[in-house]
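The data blocks that follow each hold one structure.
In the two assemblies presented below, chain A is common to both, partnered first by chain B and then by chain C.
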Partner chain A sequence: MDKISQENIDLKMRLIEDFSNFEASLNGQSNEMIHNVRRDAIAYINENGFPTKKFEEWKYTNPANILKNDYVQAFTQPAGDLSGIDVTEVLAESNANVLVFVNGRYESSLSRIVSKGDGIFVGNLSEAYVAHKDLINSHFSKLAKNEKGAFTAMNTAFATDGAVVYAADNVQIPEIIRIINIADARTGTYLSQPRNIFIAGVNAKAMISEEFFTIGENPSLTNMITEVFCGRGSMLEHYKIQNDGANANHVGSTQIKQEADSHYSNTTISWGGNITRNNLQAVFAGNNTECHFFGLYLLSGRQHVDNHTLADHAMPNCYSNELYKGIIADRATGVFNGRIMVREDAQKTNAYQSNNCILLSDDAMNYSKPQLEIFADDVKCSHGATTGQLSDQEMFYLRSRGIPHDEARAMLLQAFAEDVIDTIKDEYLREKLDKKLIEILMSTR
Partner chain B sequence: MITLKDLRATVETEEGKKEILKGINLQINAGEVHAIMGPNGSGKSTLASVLTGREGYEVTGGSVEFEGNDLLELEPEERAQHGIFLAFQYPVEIPGVSNTNFLKTAINEIRKSKGMEPMSSVEFLKMMKEKAKLVGLDPSMTSRYVNVGFSGGEKKRNEIFQLAMLNPKFSILDETDSGLDIDALKAVAEGVIKLKTNDNAFLVITHYQRLLNFIVPDFVHVMFDGRIVKSGGKELALHLEENGYDWITDMKETAEA
Partner chain C sequence: MAKETDILESVTSSEYKYGFSTDLEMETAPKGLNEDIIKLISHKKGEPEFMLEWRLKAYKKWLDMTEPKWPNVTYPRIDFNDIIYYAAPKQKKKLGSLDELDPAIKNTYDRLGIPLEEQLILAGVAVDAVLDSVSVATTYKTKLAELGIIFCSMSEAVKDHTELVKKYLGSVVPQTDNFYAALNSAVFTDGSFVYIPKGVRCPMELSTYFRINAENTGQFERTLVIADEGSYVSYLEGCTAPMRDENQLHAAVVELIAMKDAEIKYSTVQNWYPGDHEGKGGIYNFVTKRGICSGDNSKISWTQVETGSSITWKYPSVILKGDYSVGEFYSVALTNNRQQADTGTKMIHLGKNTKSRIVSKGISAGKSNNSYRGLVQVNKRAENARNFSQCDSLLMGDKCGAHTFPYFEINNKSAHVEHEATTSKIGEDIMFYCNQRGISEEDAVALIVNGYAKEVLNQLPMEFAVEAQKLLAISLEGSVG
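Coming up: the complex of A and B.
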C-alpha cells in the first residue's frame, strides 16, 4: 500500500475517533435529526475515504497536500485568546452586520448584528437551531450532500457552528452581512469547519460577504460549506474574499439552488492562502433564473488556487454568465474548471463562460478547463479562455509618459482586474478591495 | 538641448541583429523646430524609439546627451520625467485605464521626480479643460479609456493633448499628421504652435509639407537608410515634396560608385 493511501486511512481513523468523542460530548442531543445527518456523513467517509489526485476532479490539486498536516479539530478546543484579533476596520462600516468566527466558533463579543425584525434572522448556527429548528432541519445538508465527496461529508459530520442568514418571503435585508472567518494559527494546527446556511424566501433580498483572514504562522485548514437557497424571485449578492495567510489552506463548497425568477450573483476573490480549492455549484430548479459567477485570483510565491464551478441548467430559459480572471506571478498556480451542464429539458438556455489570465513569470501556471455538457438543442452557450503576458506596448506607452515601471504594471493589472472588483455592490467593501488590490499589485514582481 | 553623436542601433529580428541606425548626428537647441523626412523604412520611428528608450533596440555606438545627461542611461520613465515626449505614430489602446487617471498619474509622477507635491484635482481638471480646448479635443474623450475606440485622427489628437498636458522640453512628433483630416491637421498644428516657446524644442517626423506649412521648421533633415544624408532649411522640405527622394538615391549611388 502506498504512502498516500496509508495517510488517507490514518486520517479516516482519526476522524472516526473524533466523531465518537464528539457524539459522547453531545449527551442527549444525539437523537436530534441533525445528528442523524452527521452520522450518515461519517459513514460516508468510512466507506469512501478521501479523494486522491487520481480523481479527475482533483487532478491539479493534490488532496494529500491539503491533508498532510496533523490538524486538531478546532471545535474540540476551548475558546482561544481573542486579544490580538482586530476587526475594527470591518466594524467601521457602520451599517453592516458583522459576524466574527474564530476557528469556526462564533464570537458574539466581536460581532454586531444590525438587521433584526420580523422575518429576518442573522446570526450563528447554534442560535438558529434554537430559534428556527424546523427551518434548519429542512435545509441543512439538502444541497451539500455526501455524494459531493469526503470534504463535504467531513464538514457535515462535525458541523457545529457557522453563519445563518434568513430572509422570509418578501423580506429585504438592506444592510450587508459580513461574515468574518479568522483562522487563529498562533498556537496550534487547526482544522475549522464553518457551516453556513443562507435562505432567501420568495422575493427576498440580501447581500452577504464571506471573508477569510489568518493570524499566526502555523498551518491551518478551513473546510467550509455554504448552502444557499434562493426562493422564487429572490435576489442574492454573495461574495467570498480570501485574504488568508501563507500557511492557510482552504477547501470550500458553495452549493446554490435557485428557484424560478431568482437572481444570484457570486464574486470570489482569492489573493491569500497556500492551497485553496473553491467549489461553486448552482442548480437552476425553476425557469428564468439568472446567475453570475465572477472570480479574481491574484497569486504569487507558491500559492495554488483551484476554482471549480458548475452551472447546472436543469430547467428552461435560464441565464448563466461566468467570468474568472487570474493574475499569476512567481511559481504560483491557478486552476479554473468551469462546468456548464445543460440538461435535456433546459431549452432556451443562455450560458456564457470565460477565463482570462495574465502570467507574470515563466514559472507561473494556469490550467483552464471549460467543460460543456449540453443535452438540449435550443441553447446558446459559449466559452473562451485566454492566457497571456502584459503587453509590452502598453507598458512602454505608460512609461514613456513618466509613469515608473512598477506603477505602470500595477495600472495595467488593475485595469485587468477591475471588472471583477466592480461587481462588488457594497461601496465600502469595494473601496477597501480596490486599495488592497493596488497594494498587492505594487508588491507583486 | 539634445545632441546625437554617431548614434547606431540594431534591432533583433528573426534573422538576427539588423542595424537600422547607422550613425546619426544631430544637434537641436532650445527654441528650434527640426523636421525629419525620408522614405518608408529609413529609420525615423526607430530613432524616436531609441530616444525614448523602447525595449528591443540595442544601441551599438554613439551617444545622446540631453541637457547634460546621458540620455541612453535612463529608463523610459526617467526620460519622460526629464522632459522627453513622443507623440506616437501608432498610439496603443489601453482598455480599463481612463485617460484622466492615466494623465493624472503621469503628471504627478513627473512632479514627484522633481520633488513637487501632487497636483490638486481642481487644478488638474481645470488644466484638462484648457488643454483639450487648445488642441480641439472633445472633452468627453478625456473620461474614456486611453485611445480605446478612438478614430485614427482622434488618437493623434489625443497624443498632442497629452503633449499639452505634460509640457515637455523636447517633443518628437512621429507622423502626427497622418490620419488627420484638413481641419484636424490645422487644429493640431495650431495647438503645437501655441505650445512652442524659446525653452522647448520639437522634432517633427513627417512625409508631407502640409504640416510644415503650419509648424515651420528651422531645419529639415533627410533620413535615408539609417543616416541623415542631407540637412537644410525649410525650403528642403518643399524640394522633397516636388522631387521625391530619387535624387537623393541617385546622389548616394553616385557617391558610392
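Coming up: the complex of A and C.
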C-alpha cells in the first residue's frame, strides 16, 4: 500500500476516534436531529475515505499535502489565550457587525452585533440552534451533502460552531456582517471547522464578508463550509477574503441555492495561506436568477490556490457571470477550474466565464480548466481563458514618462486586479483591500 | 490479471499447435488475444525477429493496463477476447496493377462512392488502399520512388526499411502511452509508412483509405510519417465502413515526425458507420495520433472532419520540441442520433518561440454528446510560447449535449495563451432569413453549418473539402424540425 492511502487511513481512524469523544461530550444532545446528520457524515468518511490526487477534482492539488500534518481538532482544546488577538481595525468600521471566531469557536467578547430586531438573526450556530431550532434543522447540511466529498463530510461530522445570518421575508439587514476567522497557531497544530449558514427569505437583503487571519507559525487547517440559501427575489452580497499566514491551509466549500428572481454575488480574494482550496457551487432552483462569481488570487512564495467553481443552471432563463483573475509570482501555483452546467430544460440560459492570469516568474504555474457542459440548445454560453505577462508596450509607455520600473509594474498589476476589488460594495472594506493590494504589489518581485 | 492470462494461454495453446505453424491458408486468426495470436500475426506477415519482440513487450505491458475511464463517453464493456485480431482478404499473390484487384473489393469501394480510379486519374493522388489490414494496391509508387520518397504499407516497411522502422516506431507514441496504444502496438496488422527524404517536397497528396470489412474484426492500423530536413508532405486519410450491427473496435496509432524545417499536413475525413438511430452498432474509434516537431522551424498541422463512428475518442497532438516550431489543429466534429465524441488536441510546448493554434468546431444534433477536451502545456523552458484556441459548439435540438473541457498548464511567464469558447444554436433570425429567400429548412441548416465549419474545411485539400461539405449535409439529414 502506498504512503498516501496509508496516511488516509490513519487520518480516518483518528477522526472516528475524535468522533466518539465528541459524541460523549454532547451530554444527551446526541439524540438531536442534527446529530443524526453528523453520524451519517462520519459513516460516509469511514466508507469512502479521503480523495487522492488521482481524483479529477484534485488533479492539481494533492490532498495529501493538506492532510499531512497531525492536526488536533480545536474543539478538544480549552478556550486558550485571547490576548494578542487584535480586532480593533475591524471594529473601527462603526456600523458593521463583527463576529469573531478563534479556531472555529465563537468569541463573544471580541464580537459586536449591531443588527437586531424582528426577523433578523446574526450570531453563532449554537445560539441559533436554541433560538431557531427548526430553521437550522431544515437547512443544515441540505446543500453541503456528504456526496460533495470527504472534506465536506468531515466538517459536517464535527459541526458545532459557525456564523448564522438569517433575514426573514422582506427584511433587509443594512449593516455589513463581517465574520472574522482567526487561526491561532501559536501553540498547537489545529484543525478548525467552522460551519456557516446564511438564509435570506423572500425579498430579503444582506451583505456578508468572511475574512481569514492567522496568528502564529504552526501549520493549521481550516476546513469550512458555508451554506447559502437565497429566497425568492432576495439579494445577497458575499465576500471571502483570505489573509492567512504562510503555514495555514484552507479547504472551503460554499454551497449556494438560489430561488427564482434572486441575485447573488460572490467575491473571493486569496492573497494569503499555504495551500488553499475553494469550492464555490451555486445551483439555480428557480427562473430568472442572477449570479456573479468574482475572484482574485495574488500569490507569491510557494503558495498554492485552487478555485473550483460550478454554476449549475438547472432552471431556464438564468444568468451567470464569472471572472477570475490571477497574478502569480515566485514558485506559486494557481489553479482555476470553472464549470458551467446547463441542464436539459434550462433554455434561455446566459452563462459567461473568464479566467485571466499573469505569470511573473518562470517558476510560477497556472492551471486553468474552464469547462462547459451543455444539454440545452437555446443558450448563450461562452468562456475565455488567457495566460500571459504584462505588455511591453504598456510598460514602455509608463517608463518613458519617468515612472520607475517597480512602480509602473505595480500600477499595471493594480489596474488588472482592480476589476475584482471594485465588486466589493462596502466602501470601508474596499478601501482597506485597495491599500493592501498596493502593499502586496509593491513587494512582489 | 496474470491468472487470467494463464487460463487464456491454456485454453488457446491447443489451437496454437494446429494453428499458425501449419495452416498457412488461414485468413482469419481465432478470436481472442494471447502471445500465440501475436506470434501468428508476426509470422503471417513474415516480420523480422525484432518486431515480434516489440509486439510481445507491448502485449505484456498492456496486460497490466486498464481501460481509460475519464472520457466523457459511455459504452458497454469491450471483451478484448471476443475480437479477431487478424483478418486478410482472400488474396494470394501480389498485384501488379489495379485491374488485378478482386472485383468484389472494387465493388465495395464503388458502392461507398469513392471513385478510386477516378481519383487516381483525375486528381493524381497516389492511393495506398488498406482493406482490412493488408495493403492490396499501391500506386504511383514508382513515381515517388524516383524522388526517394518511400510510401508503402507498414508490413513492407518492416521488411524493406527495417532500420527506419526500428528507429522511429514508437518514438512518438510509446508502447505504454495508453491502453489502446499498447493494444495497437501488440497486434497492429498494417498501415502506411511514409518517408520523405531531405529537401524533397512531395509533389502529390498522399492518401490512404481504411476500410473495416470483415465482421468482428478490430482494425489496428499503424501509420508512421517521417519528414526529413526541409521536406514537405500532405497526407490524407479517409475512412468509411460498411454497415454492421455489432460494435467494432478501431484502435489506430499515427505517429508523425517532422525534422528541421520540415512540414507535415495530416488531414482526416472520418465517416465510419455511426450506428442506427437507436445507437445500435457503429464503430468505436479509439485512436492515438501524435506528432513531434523534433527540429527547429518544423510544422505539423492536423485537420480532421469527424462525422462517423458511434464513439470517437481521439486527440491528435503535437509536441513542439524544436525552436520556432508550429503546431496546428483544425477540427469539425459532428455528432447525430446517439453518437458520442470526445475529441480535441494536446499542444505540448517545449522549444522556444513555439506557436500553436487550435480551432475546434463541434456540432451536436439528435441525442448525441460532443465534447472538446484539449490540453495546452507550456513548459518551463518554452520561452515566448504562443497559443490561441477557439472551440465553438453548435447545438441542434434540445436533447443533445455539447461540452468543453480545456486544460491549461502554464509554467513560463513569457507565454501568451488565449482560449475562447462559445456555445449556441442556429439563430432563428438566420433561419428566417434563409427561409424567406426560398431556401428549405434542411438546405439552410447545411448552408449555415458549412459556413460555421468553413475555417476548418478551408484547411483541407480541395477534393477532400468538397467531399467533407457533402458529408456534413448528409450527416445532418433529418436532424432539423
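The rule we apply is simple: the second predicted complex is superposed on the first by the 445 of 445 C-alpha atoms of A that agree within 3 Å, B and C clash if a C-alpha of one lies under 4 Å from a C-alpha of the other, contacts with A are read in each partner's own complex, and residues count from 1 in each chain.
In this text, a contact is a pair of C-beta atoms (placed from the backbone, for glycine too) under 8 Å apart; a residue touches a chain by one contact, two chains touch by 3 or more.
These numbers come from a predicted model, not from an experiment.
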Joint occupancy of chain A by chain B and chain C, clash or fit: fit
Which of chain B and chain C A:Tyr367 touches, first, second, both or neither: second
Touched partner set for A:Arg445, first chain B, second chain C, both or neither: neither
First (chain B), second (chain C), both or neither touched by A:Asp419: first
Which of chain B and chain C A:Ser400 touches, first, second, both or neither: first
Which superposed partner A:Asp392 touches (first chain B, second chain C, both, neither): first
Chain touching more of chain A, residue-wise (chain B, chain C): C
Touching partner for A:Met411 - first (chain B), second (chain C), both, neither: first
Least C-alpha distance (whole Å) that remains between chain C and chain B when both complexes are overlaid: 10
Sites on chain A touched by chain C in the complex: 56, 344, 347, 357, 359-389
Chain A contact footprint on chain B (complex, rising order): 52-56, 75-77, 79-81, 85-86, 88, 91-92, 94-97, 101-103, 105-107, 109-110, 113, 146, 162, 166
Residue numbers on chain A that touch chain B, as the complex places them: 391-394, 396-405, 407-408, 411-412, 414-416, 418-419
Residue ranges of chain C touching chain A (in the complex, touch as defined): 70, 378, 380, 393, 395-425
